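Okay, so here's the structure we're looking at.
Chain IDs A, B, C, D, E and F follow the sequence of writing; residue 1 opens each chain.
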Amino acid sequence: MCALPADLGAQVDAALREDIGSGDVTARLVPLEQQVRGTIITREDAVLCGCAWADETFRRLDPRVQLSWQAADGARLTPGEVICRIAGPARPVLTGERTALNFLQLLSATATQARRFVDAVAGTGCRILDTRKTLPGLRSAQKYAVRCGGADNHRMGLYDRVLIKENHIVAAGTIGGAIAAARSDAPGIPVEVEVETLGELREALAARPDIVMLDEFSLEDMRAAVALNRLHGGGLRLEASGGVSLETVRAIAATGVDYVSVGGLTKHVQAVDLSMRLTFSVDLRKAP
Amino acid sequence: MCALPADLGAQVDAALREDIGSGDVTARLVPLEQQVRGTIITREDAVLCGCAWADETFRRLDPRVQLSWQAADGARLTPGEVICRIAGPARPVLTGERTALNFLQLLSATATQARRFVDAVAGTGCRILDTRKTLPGLRSAQKYAVRCGGADNHRMGLYDRVLIKENHIVAAGTIGGAIAAARSDAPGIPVEVEVETLGELREALAARPDIVMLDEFSLEDMRAAVALNRLHGGGLRLEASGGVSLETVRAIAATGVDYVSVGGLTKHVQAVDLSMRLTFSVDLRKAP
Amino acid sequence: MCALPADLGAQVDAALREDIGSGDVTARLVPLEQQVRGTIITREDAVLCGCAWADETFRRLDPRVQLSWQAADGARLTPGEVICRIAGPARPVLTGERTALNFLQLLSATATQARRFVDAVAGTGCRILDTRKTLPGLRSAQKYAVRCGGADNHRMGLYDRVLIKENHIVAAGTIGGAIAAARSDAPGIPVEVEVETLGELREALAARPDIVMLDEFSLEDMRAAVALNRLHGGGLRLEASGGVSLETVRAIAATGVDYVSVGGLTKHVQAVDLSMRLTFSVDLRKAP
Amino acid sequence: MCALPADLGAQVDAALREDIGSGDVTARLVPLEQQVRGTIITREDAVLCGCAWADETFRRLDPRVQLSWQAADGARLTPGEVICRIAGPARPVLTGERTALNFLQLLSATATQARRFVDAVAGTGCRILDTRKTLPGLRSAQKYAVRCGGADNHRMGLYDRVLIKENHIVAAGTIGGAIAAARSDAPGIPVEVEVETLGELREALAARPDIVMLDEFSLEDMRAAVALNRLHGGGLRLEASGGVSLETVRAIAATGVDYVSVGGLTKHVQAVDLSMRLTFSVDLRKAP
Amino acid sequence: MCALPADLGAQVDAALREDIGSGDVTARLVPLEQQVRGTIITREDAVLCGCAWADETFRRLDPRVQLSWQAADGARLTPGEVICRIAGPARPVLTGERTALNFLQLLSATATQARRFVDAVAGTGCRILDTRKTLPGLRSAQKYAVRCGGADNHRMGLYDRVLIKENHIVAAGTIGGAIAAARSDAPGIPVEVEVETLGELREALAARPDIVMLDEFSLEDMRAAVALNRLHGGGLRLEASGGVSLETVRAIAATGVDYVSVGGLTKHVQAVDLSMRLTFSVDLRKAP
Amino acid sequence: MCALPADLGAQVDAALREDIGSGDVTARLVPLEQQVRGTIITREDAVLCGCAWADETFRRLDPRVQLSWQAADGARLTPGEVICRIAGPARPVLTGERTALNFLQLLSATATQARRFVDAVAGTGCRILDTRKTLPGLRSAQKYAVRCGGADNHRMGLYDRVLIKENHIVAAGTIGGAIAAARSDAPGIPVEVEVETLGELREALAARPDIVMLDEFSLEDMRAAVALNRLHGGGLRLEASGGVSLETVRAIAATGVDYVSVGGLTKHVQAVDLSMRLTFSVDLRKAP
């Protein structure tokens, strides 16, 4: 559903390289011609994510391994549900099993967590955003998982949004000066300003960035911020940030902010419990 | 303290590439010659890990950035503790801040979790092991973090240990046959056998692998397994595996098994809450 | 001034690799200890771009080569002007000369062409944009050069803007449907719609994308489009595209459109005529 | 016709990576199963080049995309001519369209320019050469395009020909000394000497390099050089270099020199105006 | 039979890149549609190794090239024996011929040498080991070849075994201290100690490493070492090292040591004399 | 003396990666601050080659390691001679020791073998050539070593010389036709023709390639070939090939051929016996 990143292949390569190293010393205990059938199932509720990474894992090991997905990225899974049927030569299936599951359990974890936050704010009109607090080398994959979970991506990196903080404001003299400098340096790129008080928000409203990040505001101040923004025509989008949890997110969303950004979507990982169950054909005992 | 992996540099490269992309559009709002000083602090109890990854991050951006570590990998940190002092040109510090923190918060998380399990079994003589359930592309870094946390590495990948499961035993006819095949195929490489019952353990004891993994044994069966092993001279090392948590690990260790392996050490991540606090020199307002 | 892309180093590596191959067979005719001084000059009017690529070229060959830039990226140069003074061991200077000049002559060409278009529309308030018609492997470098020339970047790639064309509209049924699908699929990412007639523009105005591209409109139709947009509150940004040249761009800008995008900025290259002039020390005749 | 370079695949990879980044956010507006047919046509006279790069682009995205070339690299094209028929799933076709065209418009530009120079000297027996003034990272591709345009490659890089200039002669004492040093250092590799006067040419003739480059000679001096070479048996090949344009090249060729080298073949690019026209099947409205 | 290393593909890529460079200028003298059939034969006695590298070479050039192996890695070959039948388009066969043969002649050489040493100690129970004295970049391939030849791999690199030498013992004060430090730093990783005298061996026996390397021991001292080890229960494995040749290896093995490690297995290469014989179809003269 | 290849850095990277893997588990038994001094010596007569590879190895591990070479690439070494003095922190010296020695022992082996063949033909005027029978991934390094040994490089790869064999002649109809096709396809690139009889040589002489390879000619036929070539003006260079050994090479050279090409220069490796001897400072016992 969502767009796949260009470095998917490189991520799979790296994972296979670190796992296989000088060679899989166990898989060849199984006869070369041994065929296998199996399923990938989930043992807990989850949102599925990472099918393309699993496909690519087996495609690189042996194109004869066939995966037949029973659910797509973004689907809600229930315990015991079969996600995928797999069939093919036993050796590459055994060699790729852990790598494929590692991708699926990680990316489904991120998608699941995103979905939990999205569900928690359902009906408020508020959108959940991720951050740049991601696992090194896996950002594009995790950002994809966030989208599969129904949340939105904040900036992908340092290149696609200006985020003005206190230091930049001091450097430029005023919020307005900092925004003007940003617009001039990086035209066409969205400009966001982080504010810590309602006073700073007032200054920001005058300077017209694209988004204002309300950093660690109380719920009361958030509501005041939303009202203030409406007074000024409501043109600014407001993003609440800092210390957001599943317990607090709905109250934050209910203040009327447009976005809540949640570092925990991608920096914490509660891997989804998946497993692959395999059945070998009857001729297993025939040595190679 | 522990040995650094050869792909540290490649991991840092990938992280900087995905974050910087076509260029950091915010850092240059700060004057080119602006200098900065700062500290990295922890906001929670943790075991530190990842200093070399942070060093490398800034070294690649600008060798003039100076990091002075106040604690070493493996050190126990308390909330508010200063981990590192940093000084240098402001732009590369701002550009590298998130990448360095992402490595530190992830690897410290893994080291911290390892330490928690190690502490939980303190005095039992039992060792905590990790598994191959790691974040794709980050295995060598996470395995390093596990060592910094005082736990031990199970196999690094498919290449440095044979792990015989039911399917291989079926293929070989008997446990003894499977082990003999493994020894012949991969001489000098440790051979581990996974057993699910005491009956299988008896068979394994006769076949003399290096290690036996007791898969989802009850505590009672684990104790019986330890006793059985002693009866046979105690030459086998026993590893308990499956469904281990901080709550259950001490009881498992107390059964007398040599190792407990814990997938959750590396597949789950509860990022340590770190932050970088920066102070700019007084000449910040001078435009570039 | 502008932000440097993360793949600068990889671009320099590739260029040195393809030029040096199995080894520079000429440079070693010069004695190993021979020192050299020189200048890089321009033989024609130009906007300078690429200093960091040249720096990196020599840094990789021999860090002892010193470059002292007399002008910065974005500076306007006049014929005969000295851009850079260079000093160091003769061999790496000779080995890197062509690679450094190739980057400078290409990127200055793109910056110069951007500057010409920007100057041609000076005072109109209209901004010049580049496109994705770039030299393969050099996009981030050329996009940087465009910024150095005073123009703005259109999307960097397929990932940072949705661009809806006729086919997508047919797929979605209506322009409004296509935009709604895009907003839902890629929240937070700007959406642009390409229209070919005023009728389509009217439909687009109702659907509220972020930008509308007026594809091959006549000047008259562009003026009508600007008027129409104002009637609807002026909220849309209008981008003129198709068949733009230095001769026609000012008239297009004068119609009141916000942007003109110019494929020729990056797909055509009229390399700036630069040269490096070297003076060897008097001890040149001493053989190695 | 000509030999394809080994780094073709790496060039296509880099181009797709920079264009797709975190994912194509537009292509998925088209239904997953949508099929498409289309053509690549030229809008101007050109020499075709780059078919293998376009093939590889789509092969990497989706092997089901079928390209059927109506002309081969090196073919002369007329405006409106269909170069290629394309058919397959719509999404990968849309994702790869720009990358494939970017390769074709660049390489055809270089081939076309080479052909223009070759045609300009038709019948004189003089051959057109390229130089090392190429686009960084694209040298092997541009050198291939030069061959497709009927011209010849000068050296590929610093590794396959010694090119002795004034500095080397000063270092060695005499032209003869420099050539002897080169022959001794790099036996089997052609040695070329650059001369700036007829006096230097005389010295060079005695020293017997493989080629002499006449740097910025007047037409009169070139004719004298050709005569001088014949007097000495004609064993040397003479290459005219410096300030060559389409207007001047025939007169230069007519002087009897063996080669004219033209930096503008590869450092300047006048991209050929190509476009891809697509027709979607009737079931386009079916959502995925 | 043995497990293939993960960097096989990267090794083939590097080999093709260095051989093809800017393009194979000879293969295209053969018509594009020309088909070819052929065989790879050996001209001398050898143990075959490298089939997967040859397969991968042709797969990357053109998947239509078909290889049909008549023997598998590890097979003993006699002069004139056909190893492989090959069929497919002539150009990729000619382009890949040398690269495929270079892998086969190198890896078969290593396998053959390993086999010679293994045969020389047949019946003694002693095993032959390789070392880290390998060809840079080819270690995983050569270690694979050693296994195909019937010998065993010593450590793959610095990461999978601790090897304590004199310097480490000095640093730790005693052999026991060094082993304790190693066990504590790198739990689970085998520890080997190098000793140069029987006195050091006695100290080592008390400290219980996994293996002891007897460095340049006389045959007499080796026998004494074996006896001493038996006196202590025989728990240690003994490895003889230093100055081992095909002439001396059997006498060494007969002393009762468990292993003999031989640097010459991988640092010396006596390439096996292989050749590819091709037959072109009758329509060879038809030009493309 | 000879030109270093561009992929030296990549070769060192690959070698360190395969040796260090997940980390050097032995080096850290030595205290972090321990300093070391040492020498690299040769135990046998050899020609030195590979200094730059050793330099790069230690530079990548720790720039504080200092190497002071006592001899340069190409120098003749005698047993016991000190090649290099080394000083610096003990850990990186120990980590890089084997990798540096592996490069030096391999490249010196190739240089030494080249020198032996060159010495064997001293005074005949005949030059020794290498072939494409090289170790995969190490061609540029081995070709460099061949030059250091005083021999010359035959073609680097498939890209820098056309080598016409029987199959191409059949395809083109005649030798003359094949050469004409080659000259037309790859102008500027040397053309060599392989002949197996004097009759074929006569045909080749008429067709004027740059070089003729006499494949497995008898000494008598070689002499006849040299005479025939002189009769035709001596314009062709003759290369003897096939079955050349140190015993036979002088007789071949004495026939008057210009070149003898020797596959054994690069496909066989008799590693030079080098070792590194280290002395630790007195404070070795201080633990880290």
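Observations, loosely collected:
Here is the rule we go by: a residue touches a chain if its C-beta (ideal position, glycine included) is under 8 Å from a C-beta of that chain, and two chains touch if they have at least 3 such contacts.
These numbers come from a predicted model, not from an experiment.
Chain A maps onto chain E through a rotation of 120 degrees [Cα fit, steps of 5, range 0 to 180].
Because chain A and chain D share one sequence, their contact can be compared position by position; here under half of the interface residue numbers appear on both sides. Farthest chain from chain C (centres taken as the mean of C-alpha atoms): E.
Ranked by how far their CA centres sit from the centre of chain A, the chains are topped by F.
Rounded to a whole number, the gap between the C-alpha centres of chain B and chain F is 43 angstrom.
Centroids of chain B and chain D (each the mean of its C-alpha atoms) stand 51 Å apart. Between the CA-based centres of chain B and chain E the separation comes to 32 Å, rounded to the whole angstrom. Counting partner chains per residue, chain D has residues 1-3, 5, 7, 19-25, 27-28, 140, 156, 158-160, 185-186 touching two or more of them. Arrangement of the chains shown, judged by which pairs touch: an irregular graph that fits none of the line, ring, star or complete shapes. Chains that are in contact with each other form these pairs: A-B, A-C, A-D, A-E, B-C, B-E, B-F, C-D, C-F, D-E, D-F, E-F.
Taken in their complex, chain F has these residues touching chain B: 16-17, 19-25, 27-28, 288. Chain B meets chain E in the complex at residues 1-3, 5, 127, 129, 147, 152-154, 156, 158-160, 185-188. Within the complex formed with chain F, the chain E residues making contact are 7, 11-12, 14-15, 18-31, 34, 53, 90, 94-95, 98-99, 101-103, 105-106, 132-140, 156-164, 167-168, 170-173, 178, 181-182, 185-186, 189, 263-264, 267-271, 278, 280, 284-285, 287. Chain B meets chain F in the complex at residues 1-7, 140, 143-144, 156.
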